[in-house]
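Quick one: structure below, then a few questions.
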């Protein structure tokens, strides 16, 4: 069976990672997973939130948002509604936890990095693209900080790399990196965040229609590790290339 | 190795399920997982939200909240702060999805059930106790509606049962049903929601300190299925007993 | 004339006061006035709000809330609505003022007690049950603080005791401690807060249907003092009994 | 003992009632109790809130607010803070209940009157001045509606008149109509709302410092009835005079 | 062509400026432009917002609001809605910028003046009346501060005077100081803020129906300068008169 | 005198207009004025807001927002703060009014177009770039609607074209299209919106430091008309080119 867009079940969509997209941010990446496009910026500032002052440790946090017309039907702005929805909260927290899993706070020192992930166009997998892009933006912000002598010499705040991908079962077939049309038809949908060496940071699986069996779960996990490993390679390649700006 | 409270690694805390706790709600349960106590009420009303009118289908949703002094340190009320936090949003959505996984909307007809899960005392595992208790409250509300002739004859809106438990790795050992002290020390923390026949509805695993390997994940999933199966039995026992009110 | 539940006009509903209900709070009471059940917790913390720092005086405040399904018809959560309603504000302020009337701020020292009164089940008189229960929780928190050496030796922050009860005129008859059904039918409704020695802390009378004459007001005040005195005795009895936890 | 401003204990401050203050509102009154000035407007509109449609009955509601510099120290605007405070809520509700006590909803028909009471300058007794002025604005709006043939012929929506005054004990002496300086020093503070024939609509007494005895309460009530009766006369006089606009 | 109210095209409405309206504020003015009445208070406080501390410079800011029934149809209160509308924001900012244009922050020293402009009755031109009145209130607050020795001797924080007026094209004719009925019919509407010597502080012109040509713009600017000059004279006259309070 | 970026005083920055940027929106443009980049999407939907139903007329509105790290220093998200700031409100309203000035509501029929202008990178002139880009997006949405037969045949909802530019006086020299560094140093700052035939839709001039004279205003208006005319040509060129998507 071939997929809507002609991919094989275990194939990622075309991924592009454009570094240095913004002239202002310390790290910035426009990442695309097919038609999903997310602008990820990393803002590095000296100092930490009040509850962490004097600890000698840094902080990393994330905020996710969608432009109102990133989707097929226009959504109301959360700023206009005056409140952040549950989905936005949930994804912002997931991105923050995922990135923090590869950060050594002591090595970062009392500095803060805020990762803003704004979805410019959505076609499924926005949170996984956001995590994958945010890692590259974070790495660039760390490099910037080192060049500015804002980090203690000889310390590496990044303990590894992190990437994420969605997997799901559509019409009985396990698929990697679902586009929107596949996502809405999926019986089971899972987002998996892995480190570059194939270990798990987050596993979030949801039965959309019918509960799933252990064997299905195992197949999906295999597929996800495969996808994350491939994304880790793409991240490394991007980081070894000169930024566009 | 024995646990803080003397349990074996694969042992649940004492679970109590007190039905008919509230005189007003169509279904109500005070559930405890050890010192964690959650009041779950099911409010059954005729009619559905506007976006579902005329569909012939019902709706089930959930709201989770903690009393300010349910925890060791008093937390601010979200009503006073004027906004719901990300954690509350996330858990409310999880409970709603979990319960909907065992509901046949057509059989429910155009009726709505709201599940309120209010944590009166917290000692770890509040969301898993909430899901487990909410199922029993939902079952009671369905029974009430059938007695009131609010359901079509011969239809069963519940397609199965659902329960949830936390699992985690503490000091290298996989443990079932973490209490608060174990939870804060866990390297990996996972909440698993299963149907009564051992299939998965939700799997949410998070590496708190270090990423986890596939083998660890497999062990945790085994443990969780074990716990959920035991909880399913306790739910059935409770439902076969006359309610206390 | 006998009342809906068989009581005489000047009879309280059965009152239970269960101390030590919560394992976390410094004082905690589950109080019931018939089917009205309120969980009152007292959270004692060192320090005072900024506007009181350096004064040598403490602070006592209260927050009242109802669980959504405490009532016959489910009410929306104020946290979800994003704002606190006028009734909640009004009652929180009443509870705070009532408790402060028996507190010597100097003797309390720069410490704060927050009284949370959460209505688990409502059947009329929730605010009066809350005040009556909160006093017991406050007394327990003071005892706890003394044992922890957080109070200056030889000082007693409580200058008396406080309790509250509702009275009203239903079908021309003055009644003590209205249940919900009586409350909705009352021509006049009054909440009275008294100290243990029968003096007044708060008197709040409202003509629901027709204005009331001075003679009616006088009868209601007599009835309220009677009820408060009886509640003061029940509070003392409870405080002299070993807590359940 | 003479008072701060030379009055006798049972003397009101100078009261002025200026009708027709606004060119837009159906009824409008600028009332002053000494230096307290409140602009009361009555907005009459055909139709009722949704929950009352088809009942054949009208609705009357009130909103109270203070200009930021009505007081000695500037207060933050509640619109800027994004939430209404407890005090504002409490007073708005009190004004609404007080005015509704003299309204026959059937005679009003399905029409709504909103009473806006905005304090332009505060010197104690703002809520009692608001109630007293709002009654006159309401009476004018009813007259306007009758002239416009918006009321059923031969029906009188007003069943009586209503006025309010504060009383309190300052330095052991019961005083009528407290100004701000007296109010802050009062041991006991009471707001009383009466109908023109001297019956009670609302009684709200608070012990600010020490609980008060029954005898004190009785004296205060006597004083309040005296004041309200005098205010009722002033209202009638104002209503019999041609409006200034 | 004569105007609705009989004025010539280049004629202002009757303007009254009543100083010392409030007993509490350091400066206060009730200004009327015809039936438009705005209460402007200036609150002088020592100290500046945190971001300006230690700069040796002062701050001036403004807040504009309308009473709900200032207009022909009652508007909802922004405090009740929980958010400030765009129009209110826009006008508050305009008033603040306009007044700041004649303030020397160094001469003001680390002091803050808040200008509250509350529209009691609206009939077009509320923002221009607010600016014109706020200037007089500000001048009075500065005089008050000098008398209290809160300003450095020999320094004058006001570098000039400021006034504002609306102009517009109605049925092809350029008019000065539009009343509400003219405003709603205007093809082009402009608000102009000028210093006393006829220079521009703000020019805000909007084509309501059809875009306007340069020649029309030039005529409107001429008219506006004329009006602002006349208002500057009225401000000076008012300031040379003894205040009413 | 040459400018920071080498331009002459009357020279625009390089302008690019990339149509068809988004796969979902009916019209979408990524516009850049130098380093200022704004994503403008036009969402066309059948139907109008409730207050306009049955009028036979359409509606056009706009929302402006900045990504948090569009600027040199990260700004807080308005969705997280829970309220929209005055500047955002002001600009959204300006964009909406500007676009509506070239719309014939009758010809549009009962359809709504929402223009979302999200600033991806800011370097001065974000509101003028937003208006200029939004016009092109609107034109594309109208073309889309005509192709879908959603417009009445033979009707043209656009009555002209609209573009905007900033002008200002920096160090005494009038300049066209200020970049951020020029903007912060400007003594006077003006935003001008013109139709393609050189008439004015909006003129908003502000004296940042010192009030400006009529002669300066005249020079700035000349410069602005020049810039808008040039932008109108660039808009037409872009619309005659095939979209990139």
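Going in written order, the chains are labelled A, B, C, D, E and F, and every chain counts its residues from 1.
We adopt the following convention: contacts are C-beta pairs under 8 Å (C-beta built on N, C-alpha and C of every residue); 3 or more make two chains touch, one makes a residue touch a chain.
Because the structure is predicted, anything quoted here is derived from the model rather than measured.
Superposing the C-alpha atoms of chain E onto those of chain F requires a rotation of 180 degrees, given to the nearest 5.
When the contact pairs of C-D are matched by residue number against E-F, D-E or A-F, over half are shared only with E-F.
Copies chain A and chain B of the same chain sequence form an interface built mainly from equivalent positions, shared numbers / all numbers used being over half. A straight line joining the Cα centres of chain B and chain C is 32 Å long. Averaging Cα coordinates per chain places chain D and chain F 51 Å apart.
Across the assembly, chain E contributes residues 82-84 that each touch 2 or more other chains. With chains as nodes and touching pairs as edges, the resulting graph is a single ring in which every chain has exactly two contacts.
The sequence of chains round the contact ring, opened at chain C and continued through chain D, runs C, D, E, F, A, B. Within the complex formed with chain C, the chain B residues making contact are 22-25, 28, 35, 39, 41, 43, 45, 63, 65, 67-72, 74, 77-84, 88, 114, 116, 118, 120-123.
Contacts from chain C toward chain D in the complex involve residues 83-87, 89-90, 92-93, 97, 101, 160, 190, 194-195, 199-207, 211-214, 217, 221, 225.
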